[in-house]
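Let me begin by handing over the structure; questions about it come next.
Order of writing sets the labels: A, B and C. Residues in every chain begin at 1.
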Amino acid sequence: MTNTTAPAVGIGPFSRSDLIVLIGALVLTVGAGVTAFVPSGQVVPFVLSAGAVALLASVVGRSVDQLGDRFGPGATGVLQSALGNLPELFIALFALRAGLVTVVQAALIGSILANLLLVLGLSFVVGGLKHGVQRLDSHRARETAVLMVLSVAAMLVPSLTALMHTPAEGHETTLSVITSVVLLVLFFVGLPGSLRRHRSSDAGARPGSSDEAVVREEAESEAEGPHWPLWLALGMLVASAAGAAFVSDWFVRALEPAMATFHISEAFAGLVIVAIAGNAVENVVGIQLAAQNRAEYAFSVIINSPLQIALVLAPLLVILSTTLGLTPLTLVFPPMLVVSVALAVLLAVFITFDGESTWMEGATLLGLYALIAASFWWG
Amino acid sequence: MTNTTAPAVGIGPFSRSDLIVLIGALVLTVGAGVTAFVPSGQVVPFVLSAGAVALLASVVGRSVDQLGDRFGPGATGVLQSALGNLPELFIALFALRAGLVTVVQAALIGSILANLLLVLGLSFVVGGLKHGVQRLDSHRARETAVLMVLSVAAMLVPSLTALMHTPAEGHETTLSVITSVVLLVLFFVGLPGSLRRHRSSDAGARPGSSDEAVVREEAESEAEGPHWPLWLALGMLVASAAGAAFVSDWFVRALEPAMATFHISEAFAGLVIVAIAGNAVENVVGIQLAAQNRAEYAFSVIINSPLQIALVLAPLLVILSTTLGLTPLTLVFPPMLVVSVALAVLLAVFITFDGESTWMEGATLLGLYALIAASFWWG
Amino acid sequence: MTNTTAPAVGIGPFSRSDLIVLIGALVLTVGAGVTAFVPSGQVVPFVLSAGAVALLASVVGRSVDQLGDRFGPGATGVLQSALGNLPELFIALFALRAGLVTVVQAALIGSILANLLLVLGLSFVVGGLKHGVQRLDSHRARETAVLMVLSVAAMLVPSLTALMHTPAEGHETTLSVITSVVLLVLFFVGLPGSLRRHRSSDAGARPGSSDEAVVREEAESEAEGPHWPLWLALGMLVASAAGAAFVSDWFVRALEPAMATFHISEAFAGLVIVAIAGNAVENVVGIQLAAQNRAEYAFSVIINSPLQIALVLAPLLVILSTTLGLTPLTLVFPPMLVVSVALAVLLAVFITFDGESTWMEGATLLGLYALIAASFWWG
């Protein structure tokens, strides 16, 4: 996001940050591809494919934004919602094909925890140390937070039922599918509203818009970056999506031997490693914004991600896993994942309603993230 | 509540809405009475008695208000608190006589869920679609919400003890009775304060005032409806209360065969059917207010109901069930009911503190209600 | 705190309240010492040592404040944090030496509950009855509340893991020690910030400052009390700390026969008796402030205490108990203690965000405290 602070210096239609991400993605993807087929130990292919996933996720996001600009803000919202989580979706699907249900469940929750504890904590620490107490007092943030807590609560109903309501035993899959349908309906029902508001100046919570997009849109309104021609945007999207599909496959293949070598449990791998790799670029963006003293935006970006996971990614995976004949994914998460995510969501809402952030709050969030991650070390 | 928007058109002391409710109540009560003794299948007596219960509840409420007006606002508060929940109390007592403890427990929690998720959700959707973002930012709403969460928390102590504290095993009844006494003491201790505030313009939370009364009082200050003479108010109260007692009996008798016919579990019947029948009129009022863009009032009415259930109805039933020799009711609710009500109360507080309501929030509340209800399908 | 309202009337360097506390502490300590060695039943030594602990805790606090004033506000913060909880630390260490782990765990949680439910409730009732609705709407209160909920959440991670995450079974001690280290690091990391803010007028949450100190500091800025010379402050600190050490020993020794005589469970003894004795003076201060219509200050004092327990006292006890070879204390609390403290912390945050306090809210908090205490009667 270097173009937000300085005039864009790039080549042709690409800004400087575009170029860095593109070249990095290309190099790492090739490297991951070579090591996926040439014997090269357990560590190198794992690290290369993790890096490639992270950068390709960013390229997909940039292509979607450029493409959306051609069709007006309405289409951007729909496209971003549909395609923004594509890389995370690919990883989860390949992991489900490999039978790694625990990894996928932990990665879904881990993605929420990483956003609400790790990234929010880092952005509070960085922002607080550089700029002192930062204000977060917008209606937009509160609305997003309330919608997030409602959506995550709905996503947790099957888990709560499985834990607490013995008569429903044996119906976990049915209830998970019903819940997924309800969540997807809420998402599609919310889209028109999110599109309408997209145009107005005081944009409210948009349940479907990708995190990076919110930032980039704002960034562009300040220092308009170069536009990609339609053919380039489309081509980049297809290429990066295809690349993400291959790289996700390699990443999942490299994950299992790496887990064995380093004695990492499935739960810890999903909760920490997969969750961070799949959100790396978004995470950097949130922290950069806090460092630029744009705490409100950082917060919106960070808190919007769990909303997307609950309303789109998790239900989509449940439905795809059953229809595609993969290992079926349910929304019945292990109890400690349920408690952790409930805690994280609750604390995030309190912080939103607090209206201010300090670096000490950030440090405590980081401590909490470290402790929850530590508790999953014993998988 | 037609007299809130148009000049009252009625006959003698009765407003138009009075007449509709009275005639409906009379017709349905007679119908329910006939089908209760003449063989008429499982469905007809159940539907008729459910409708009669709902309308008689409204007649009781109207009589109490008219009666209260004779004795000043202080007496109204006390009367409303004592008599407002009479029909729900009758249903619960007859159900306890029939040994349907699960139904009664589920109906108590279901009544809270119906208010905080279903009715609040509907009022947000209706209000939001008609009027856009609605504001809820009053001290009164916050105070009621905090008092509600505190009261429900106290009501849940026996359940939490039974679930979490094995040394207290076997003392569930003792702890339920102690809790009921504490809740009733809190209610009576809070009455004088609620009466005092009743007179001031900026009325705070009134733990004992009936939902409809809050609305009607406000409505009357705008378009004063006709007053009933004392003898009429007293007569109507006695008649409607007696009617409610009979109809509640028939409703509970019709419930069991209806449950068997449609394969409905006791928990689902209580949580959804009894809870909605017992609150039908109040619910309509809340939604009407939201449609009239009086979101603050709708919210106060809706959020006040769980407060009454926790402070009056639930503890009264515990004490009556043990003293009257019915199947004893404890406050040890099944775990999924505890989790559901905790979730609903928590979310309602977040929404209050948010200060705004959108129709998307309403839709998510409805989704959550549907999912929790679905999870109890397997009773 | 009589010097807050009237000019100090004392002898030499001692204010009137100093004298009352000193003489009381001296008398009770001597009494407790005599009855500890002379046979005198079960009740008298217990009551005398409990009273002596409470008053010596106050003398330690006063000495630390006087000492801190010599070295500037920075040192005061560090000293208060390090020494303010000394008496509670002594009691816990002696109890752990006697193998009373349940008592210590219950006392830690009980201290939080006593502050957030009992003392907060009493201060709302007293303040509300004397002054009507009191406002609590400061950023400082919100910030402290958020930091408190975050810290308590971190402290609860080992308990949640033990309850919810079977694969981590057998690693409770490891996770407790890791958690304790993280909490202490957060405390020390937060100290410089708390010192810096100490100087500014709009002082934020200070994770390490003792409760009484906050009050006394404020009090002194209004009516400057007499200062103790350095030698006196040091001498009083050493004497009162040594006294607290002895008296704590006698208190714990008297506790066991008293529990047996009155059939009090370990959990109830810790949760109610030890928790109240260890916080008695702080508690009185909070209620006095509310009675003086200084609700904001009362609230800050009361809500700061759980923060200290989570960040300093609990982790220090875990680490000392393992390094000193006492019965090891873990942060794996019994489930009902976890639920109770989670509930209390949650409700305290809601009340903070409410921005107003009424005596009815206070009464409900008292009811909740009584019910939770009652549920632990069956230990």
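In this text, a residue touches a chain if its C-beta (ideal position, glycine included) is under 8 Å from a C-beta of that chain, and two chains touch if they have at least 3 such contacts.
Because the structure is a prediction, the values reported are computed rather than measured.
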One copy, subunit B, sits on the other, subunit C, after a C-alpha rotation whose size in degrees, in steps of 5, is 120
Taking shared numbers over all numbers used, above half giving same and below half different, the subunit A and subunit B interface sides are different
CA centroids of subunit A and subunit B: separation to the nearest Å works out as 42
Multi-chain touching residues of subunit A, meaning two or more other chains, are 346, 353
In the complex, the residues of subunit C that touch subunit B are 133, 265, 267, 334-336, 338-340, 343, 346-347, 350-351, 353-356, 358-361, 363-365, 367-368, 370-372, 374-379
Within the complex, subunit B is touched by subunit A residues 139, 142-143, 145-147, 149-151, 153-154, 157-158, 160-161, 163-165, 167-169, 171, 175, 178-179, 182-183, 185-186, 189-190, 193, 204-205, 207, 346, 349, 353
